[in-house]
Amino acid sequence: MKRLMSGNAAAGEAAVLAGCTCYFGYPITPQNELTEYMAKRIPEIGGVFIQSESEIAAINMVLGASVAGARAMTSSSGPGISLKQEGISYLAADELPAVILNMVRGGPGMGNISPAQSDYLQATRGGGHGDYRTIVLAPSSVQEIADLMPLAFDLAEKYRNPVVVLGDGMLGQMMEPVSFDHITRGETYPKDYILTGAKGRASRMVRSLLFDVKEEEEHNWKLSRKYQRIEQNEVRYETYLIEDAKMVVVAYGTSARIAKGAIARLRQENLKVGMIRPVTLWPFPAKIIQEAAKQIPDFFVFEMSAGQLIEDVRLALEGKGHVHFYGRPGGIIPTPVELYRIISRHYYQAERSRKS
Amino acid sequence: MKKVYSRPRSLKETHFHYCPGCGHAIVNRLLAEVVDEMDLRDTAICVAPAGCGMLVYNYFDIDTLESAHGRGAAVATGIKRVRPENLVFSYQGDGDLAAIGTAESFHAANRGELITVIFVNNGVYGMTGGQMAPTTVIDQVTTTTPGGRASDQAGHPVRMCEVLAVLDGTSYLERVAVNKPAAIVAAKKAIIKAFQHQLNRTGFSMVEVLSPCPTNWKMGPIEACKWIDDVMTKHFPLGVVKEVKC
Amino acid sequence: MKGYIEIDQERCKGCSFCIEYCPKNAIALSNKLNLKGYFVVDFQADKDCNGCAVCALMCPEVAIEVYRGGSN
Amino acid sequence: MLIRTIFSGFGGQGVLSMGYTLATTAMLEGKHVTYFPSYGVEVRGGTANCTVAVSDEEIASPVASEPEFVVAMNQPSFARFQSLLQSGGLIFVNSSIVDVSSTRGDIEVVAVPTSELAEKLGTIKVANMVMLGAFIRLSNIISFDFMTTNLSQILGEGKSKLIKMNKDALELGFNYIKE
Amino acid sequence: MKRLMSGNAAAGEAAVLAGCTCYFGYPITPQNELTEYMAKRIPEIGGVFIQSESEIAAINMVLGASVAGARAMTSSSGPGISLKQEGISYLAADELPAVILNMVRGGPGMGNISPAQSDYLQATRGGGHGDYRTIVLAPSSVQEIADLMPLAFDLAEKYRNPVVVLGDGMLGQMMEPVSFDHITRGETYPKDYILTGAKGRASRMVRSLLFDVKEEEEHNWKLSRKYQRIEQNEVRYETYLIEDAKMVVVAYGTSARIAKGAIARLRQENLKVGMIRPVTLWPFPAKIIQEAAKQIPDFFVFEMSAGQLIEDVRLALEGKGHVHFYGRPGGIIPTPVELYRIISRHYYQAERSRKS
Amino acid sequence: MKKVYSRPRSLKETHFHYCPGCGHAIVNRLLAEVVDEMDLRDTAICVAPAGCGMLVYNYFDIDTLESAHGRGAAVATGIKRVRPENLVFSYQGDGDLAAIGTAESFHAANRGELITVIFVNNGVYGMTGGQMAPTTVIDQVTTTTPGGRASDQAGHPVRMCEVLAVLDGTSYLERVAVNKPAAIVAAKKAIIKAFQHQLNRTGFSMVEVLSPCPTNWKMGPIEACKWIDDVMTKHFPLGVVKEVKC
Amino acid sequence: MKGYIEIDQERCKGCSFCIEYCPKNAIALSNKLNLKGYFVVDFQADKDCNGCAVCALMCPEVAIEVYRGGSN
Amino acid sequence: MLIRTIFSGFGGQGVLSMGYTLATTAMLEGKHVTYFPSYGVEVRGGTANCTVAVSDEEIASPVASEPEFVVAMNQPSFARFQSLLQSGGLIFVNSSIVDVSSTRGDIEVVAVPTSELAEKLGTIKVANMVMLGAFIRLSNIISFDFMTTNLSQILGEGKSKLIKMNKDALELGFNYIKE
């Protein structure tokens, strides 16, 4: 059965079904519906809901709950996510699972509460200090938010690393029919590191302080190897009409939806445009882009920011493709028609320059 | 003859890294003794701070998490809510608890989280080299108050027990010291009391320990202990600041 | 002798707390330097240690074990 | 076919629930649907609006730059959204309080005196449902029969007491439109 | 006259000479000498020194002092810099000048207090939310720290944007002879935006809340244009023996020093190795790297991290050069000899593969 | 006839965005009146919060900075230290001041910063849609306490005046309300008094204003005003909580 | 008439504070809707307004100007 | 030529100030110099050490993996740093408390009984300066005359009262080494 639900609420419901028993959060638009959903829902399952005194407290409560063995999450947007960066760095360093949802809004600073994609670099490059990465999942519909939540918790536990779910104000607040029928607890991973009291075993410690530089370096290389494994195993993306494409749009989340709408129109006019939609922003689907670049000369990056995703596309292409760009930072949701116009202009220009 | 004092079982063999005469060492030992005597090793979970106490996990033979600077109370909250049957305590310095961690300490107390905070008040930031702490007393010279702490520029020594006493969630708040035998005996009793409050679920408990930091006070250990009596306790009176029925 | 103590001199940091508070003056600073570089304290077996354990209560390094009374 | 409607009015006029009701019905009919509310700074009492997109296929964007329909429950909404409407589009106006004298030439106005009609039922609170009834009649996005038959499911258990009242209001609006 | 001074103290003295009157900071190793220096020095000039309750308070006090018209700075390391990200995003959004010094230490999490370069991506990509950039200056000696401080304040005011000075624990704590003879107040920039009380003029507001998405987008494009201007005008770097080089090391700060030592040895053995040392990490000296790539086939990225600078080098090269990498994350300071060995191995391999 | 009441000069013509019956609007007007009457327009600098009061810069005709959520007291500190001759006040809600901004509020108060905080306590997070605030009273229903605030889960309503009164840096702390004519007159007097304390450099001053939020309390405006008397003042007694000689 | 008030009905949000507290009952809710969508209040010129300004004191929207006494 | 020296010992032995004094003198002589202290967890009382590099040219790295000289004021430092020393390097040992029986074969030990020597001057506090004097005689990094002549500038105004004492200590150490 389907329910008409906001992305925020669907994230909450899916998290609960995926075994999340702890939610810690602090109000901020446009993700309040999630906090409010959890305020009702978590007590029903006897879990822990705390509206914390701040985003910093929330991420540290998540850390505490995680080290105690629970599936725990927090959510926020813009300024609140910035405040969590220290905590995320600790989670990564401590190798603790956690899920952090960011419903991105217009920034920088206070910005506004409209949808944006301008936290891409923060999410994929680790806004916190030190050499670490977070897995970043980018849904593009309410159903996909629900579908990705169990994956987020599984990946977090599988790799013992924080996972960021990167949505935006639109995905959070729009409602769509969503089915939870297939959403379950997911995998069980060994938890031999959690703190339960030292009964019947040696006492444990969880820490990231490694005064000995050799130990710290070894720890960093260990993390690094883990990140390589993740890059090898966890890349997820969707391709759309790229077989015969002359130009490929690279877009994620809300932008990818809009791009699909634009592509539908472009195809009607026989413009051979396809799309690669990264579902994992980190690890980034660089290979499929490189693959595509063997046949396809032009790549069109579309994002609701002044240009962040474009770095990853350029890194993937290494000069082996023309990169076009259209960005709208600040909360405006571009329309498929608008994008269609821009892409077709680029398309014809590219065609001309290929011919000349 | 009978051994009447030996190393508590919950204290690992590792040598302390603390300076000679440091109060942290005494507090560490008292905690281990209490854990032993109350038979809590199996269930105790400690949250370690950033600060001179940051290596307690090398000493306590109980499950320990090192938290980010100042966030001990929030992390302990997360643990305790998930594991209400465990004894959860955080170990924090004055910079940790009363400066960067003000909000977390305050609100965990206000929520009446069933955790215990062991708050080592040595009037300075020890770990980082002796800067002013919120608890530095007026005119005290530190590396960031080279002319002595002046209240109009740098504020007043903060009495955390008295502040938290205003909050309805707190059930047991006591200030003790570890600068002489009688004080140490009292300090241990206070820790036991605080743990009992946690076990009886009466509310948030905290033991504030006035603790010598000879190194950063630039005093000999004995002198530092005397200074606690002569100067510190004037700003930070010892005793139970708040206690609800347990 | 009603009691005696054993001092782990590699733990001792020479803070003098035990000396200061020993009611029998049974502990004294030595000129032995331990591996950490501290001048450590010695138990004065000839003084009238009664095993009161005040030294152990004060010792930050948990360097002192205390024995008291009857036969071993 | 993708049909997008903007419902707009003052905060208290129940425009969001009009959109929500439409969207839920469309979902139950098996259609693709998105419902997108929009919030302003004006915390309450400002204009509120939402966009409902209904389609047989996947919906690209829930935002409507050129909607097929607009429902304007007050004057500022009428002013703001009539300009967005597609050429040839329909704008449903709460004629009880909206003056439509300055309307674009290429769109069609459907005037529904919602307050007056609702008052016939004894409460102005269902004015939005009156409008929704009228809207469904002309927009034809969903089946009116399906909606009235499944109204308790659509509106949710909680509101079951009000089902009858809402149904009456929907029908009043529906029938108000002469075909 | 030269004084033997730590990098931390030199930063403080140079800042004061450059007109900095306000310092707000919170202790953290390895930058405490700066806070402590300022505690003594700032009162001498009648300025404002506050040891704040936290890093967050410090960055917000900087914001307040800046909006009141003062040259203001803060400093921290690792976790403390993560906590400042929200505030930095606000400074950028409000277009307020400020200088933030990061003496990088081993991370992530608590890490250790040894020198590292693992906050590169955080500094250059904006660890905070939204589309913004900070100018990032990377000194490689105590003298250069002193030299760059006035520039940092000038650039901050010229572009009304936060400037990050990115050092590391070694640069902060080592002592070298340093001369302040040439260090002066620098430029004066118009300050028609500051808050002084509305006497005799219309009242002013400084804010980053732009509810209207069009306004916010325009603001973002305005920032974006500013960043383009900075990219055009403010790139700074040093080249070292690249004229005849067959391989170019790209390294900054402490790494660049070590690399110089290694290159000296390599040159003794007639290995033609040179160096490009970015002084501004953002804007990144991409052009000179592209330029160099026309002649030089191999680029050797050396950094005290698991691989962050390497992204910018790859972005600059766009596939037009082999990228070699040596990283040491976690606080270890590699030695010139060690680096010399690694580079020479890569050098010979590259030569062989070119021949074959 | 003589005009006996008209719009204060320091209030711009812009219409307020607040909900009908919102206390913020009244507090905004009182502040403008006080600025006019004390002739402070030329020197006043306001720090605006995140919260329903975030647009005060659209209303006050004085220099205003919008700060990050909760950081008003820190930002105001930076401004005031640079410009000691200016009147600097921050305007903050209860979430802003007493949750995320706890540490900044607390320590600015403890340092005795010569700033004034106008603290609008409406018992909820208004701007974000009515979530629990630190000041939400027990059993009050909010969007994050759907069953009413339960103290064991969500803590107790925080009395900030009483908390800050413990700190030596504070010189004037008063709790007022804006729910009826006499209360509004008293509120204005309190603001004047607080500004005088700032001008006389006696210390940190704060006026806590109990303020109706009909929207999120889900009440009519009149009912909301009554609720302040009937319920809120029971948890938050009105009056001067602390005053040192000015 | 000792006094009168002028209400800026485009500012008024119909909160009723002025009605509630006017000692002379000189203000009443109207059925006029303003542009913002609020039913606004009307001054009842026939009631005995004495220009006490309580309405203005209460009005959150600063929508009321008050006049009192003597000749204009 | 680049010469790197590690000074090491217990926290209280003044090893950092030996390094600092050497570095300052070299600077005043117009040489390139870096001074790099190292801190451990052990807040006080652990081993402390610093590296001083002196050169006629720019100094690449202030860290010494293979120093030319080591000064070890205590046993743990001797154990730890003798292994780093370049083959053929000199290790200066505080022979008052350090047992050098297990020394690498390819390095040379210079034994200076600093405590005994310092006590001749009436205070053990200048033991570090005694060692520094001996060190300068053999290392030849800086001019001893230059140092003693400019001692008040080198040690800073504050310590001027102690200048004589320090000078005596330096000379005692310097002369202790027979050439």
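Here the chain labels run A, B, C, D, E, F, G and H in written order, and each chain numbers its own residues starting at 1.
The working rule: a contact is a pair of C-beta atoms (placed from the backbone, for glycine too) under 8 Å apart; a residue touches a chain by one contact, two chains touch by 3 or more.
Just so you know, these numbers come straight off a predicted model, no measurement behind them.
Taken together, chain A and chain C share the touching chains B. Interface comparison, E-F versus B-E: the higher number of contacting C-beta pairs is recorded for E-F. Centroids built from CA atoms put chain G at 60 Å from chain B. Centroid to centroid, with C-alpha atoms defining each point, chain A and chain B lie 40 Å apart.
Averaged Cα coordinates give chain C a centre that lies 54 Å from the centre of chain E.
Our note on geometry: chain E versus chain H, Cα centroid distance of 34 Å, whole angstroms.
Within chain G, contacts with two or more other chains are made by residues 13, 36, 38. Residue positions of chain F with contacts to 2 or more other chains are 18-20, 50, 54-55, 66, 68, 99-100, 102-103, 106-107, 111, 127, 134, 153-154.
Taken residue by residue, chain A touches two or more other chains at 29, 50, 53-54, 56, 79, 86, 90, 94, 109-110, 113, 207-209, 211, whereas all remaining positions touch fewer.
By the touch rule above, chain B contacts chain C in their complex via residues 1-8, 11, 15-16, 18-26, 29, 180-181, 184-185, 214, 220-222, 225.
Remark: chain A residues 21-22, 24, 48, 50, 52-54, 56-58, 60-70, 72, 86-87, 90, 94, 195-200, 203-209 touch chain B in the complex. Remark: chain A residues 56, 78-79, 81-83, 85-86, 89-90, 92-94, 104, 106-114, 116, 118-119, 121-122, 125-132, 207-221, 223-224, 305-308, 311, 314-315, 317-320, 328-332 touch chain E in the complex. By the touch rule above, chain B contacts chain E in their complex via residues 50, 54, 66, 68-70, 95, 99-100, 102, 125, 127-129, 131-132, 134, 143-147, 153-154.
Looking at the complex, you find that chain F touches chain E at residues 41-45, 47-48, 50, 54-55, 57, 60-68, 71, 74-83, 86-87, 103-104, 106-107, 111.
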